[in-house]
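Before I ask anything, here is the structure I am working with.
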Amino acid sequence: MLTVKRLDLKDALTMIEGAKAKAEEIGVPMSIAVTDESCNLIAFARMDGTKTPGISLAIDKSFTATGTRKGTHELGAASQPGKPAYGISSTLGGRMVTVGGGLPVIVDGVVVGGIGASSGTPLQDQEVAEAGIQALLASE
Amino acid sequence: MLTVKRLDLKDALTMIEGAKAKAEEIGVPMSIAVTDESCNLIAFARMDGTKTPGISLAIDKSFTATGTRKGTHELGAASQPGKPAYGISSTLGGRMVTVGGGLPVIVDGVVVGGIGASSGTPLQDQEVAEAGIQALLASE
Amino acid sequence: MLTVKRLDLKDALTMIEGAKAKAEEIGVPMSIAVTDESCNLIAFARMDGTKTPGISLAIDKSFTATGTRKGTHELGAASQPGKPAYGISSTLGGRMVTVGGGLPVIVDGVVVGGIGASSGTPLQDQEVAEAGIQALLASE
Amino acid sequence: MLTVKRLDLKDALTMIEGAKAKAEEIGVPMSIAVTDESCNLIAFARMDGTKTPGISLAIDKSFTATGTRKGTHELGAASQPGKPAYGISSTLGGRMVTVGGGLPVIVDGVVVGGIGASSGTPLQDQEVAEAGIQALLASE
């Protein structure tokens, strides 16, 4: 029998609040998603004025980062032409995202969930996702 | 050019809070989703201890209720064998839900969004969705 | 080698105009789709104020009626519990629609395309689809 | 509550007429799609003699340009190997198109919809989409 650690809803809402505050600070409305360690959605918020595809992209970035246990920007680097993971971005029916903005949440060396943000540049999305993780760490 | 009214994120979070309070009151953890008038997700929260398929079910109930401008329980009644809408439940790639728990949000006679809840009985889900709408109306 | 007869764009636009006129007459805005004999979309129009799921439903009704060479309401009758086609409505990934509003276009005994309408009751949708076919026949 | 502006059916048909006229002028039959600001289809027309995949490509280009608020050719440039958006083209289940021919429709600085064209070279598709937008602007 396994015992699994995962984010709860309170954790997820703390992360979304932290990410939202950063998105407001840089002036880019975002879609923000948090998934649990099994890649399933816990919480989601779309700020007023975001782009529609960002809904699925934020969810899929969180899904990807949780599942691969890597930042989605790292997958972007690893999947360039000639690299071993080339082609990974179109797997899983297109749910695998290799553009920055998804990050795994690691506690005591174990992935307990992930966060994804979308609507800005990949670097802005990543900064907003990172702010979500910092908010979680600060709350403990 | 058309001008359209839709729920904003503040409205959606108010609805999720109201629905969550009702779910806690009746002791049934729920997944709760709110969509805008074009059926796109605005906010989502999964309470600790809910059932995994409830994630998609809550989102799809909200999508269905917004899109059909009817409570999903009404579609259930209208799609019984022998009724005109029989078979509707498997359309849209299975996203059309005809089980109670999805409600449209109607303001001044116009559908501005919807809410879906899932993890309890259809009647419990509907009660929780209704509480979300009441919270919105009370906040105005 | 086969020679295939199919609707052209002019035919499809004539059908959409005829269907639209009927929808305006009965006061129910509709999504209207016309497909060719291979079930591929030729033309589509969504009237202002229709329901969002009607987009896919109109396209899928036209697809279904063309492909099965039957009105979608006939499939509804044939797929009732206990009938031979029971269960057909959830096939093709949910694209098979067994609710009224889709009709095949038959010329000289051969199906050359189809039309689908959605946003009203199944009977209203069927009436609007029928008006599209009448407009085509009247134009020849 | 938000208030949103979007293209209506009359706008969409004006755009399709303008795009079709340009496609006829350059002698390349096209599929042409127009979506609203939430990326949902308003109108579609496939000229006689187009390529079958152009149906989905035109719709998905319009979806992409509306949703990202960028021309699809710009996404092509931004998603080359080594660029930050590398990998974006296979997201959203493959609906994200990074080949020219999709353009957002911007009125008073706000995206109110989009247009996509497909069946020629990416440059021809883009020229046809642009003609659709010019027809809308000329009609006001």
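Quick notes on this structure:
Per-chain residue numbering starts at 1, and chain names A, B, C and D are given in the order in which the chains are listed.
By our rule, a residue touches a chain if its C-beta (ideal position, glycine included) is under 8 Å from a C-beta of that chain, and two chains touch if they have at least 3 such contacts.
This is a predicted model, so every value here is computed, not measured.
Subunit C and subunit D have CA centres that are 25 Å apart. Centre-to-centre spacing of subunit A and subunit C amounts to 41 Å, using the average Cα coordinate of each chain. Taking the mean of the C-alpha atoms as each chain's centre, subunit A and subunit D sit 29 Å apart.
Under the contact definition stated at the top, the residues of subunit B that touch 2 or more other chains are 2, 8, 38, 40.
Chain contact topology: the protein chains form a pattern that is neither a line, a ring, a star nor a complete graph. Of all possible chain pairs, the ones that touch are A-B, A-D, B-C, B-D, C-D. Every residue of subunit D that touches subunit C in the complex is listed here, in rising order: 8-9, 12-13, 40-48, 52, 55.
The residues of subunit A lying in touch with subunit D in their complex are 48, 51-54, 56-57, 60, 75-76, 79-81, 89-90, 93-100, 121-123. Listed in rising order, the residues of subunit D touching subunit B in the complex are 1-8, 11, 36, 38, 40, 107, 112. Of all residues in subunit B, those touching subunit C in their complex are 2, 38-39, 63-64, 66-69, 81-82, 84-96.
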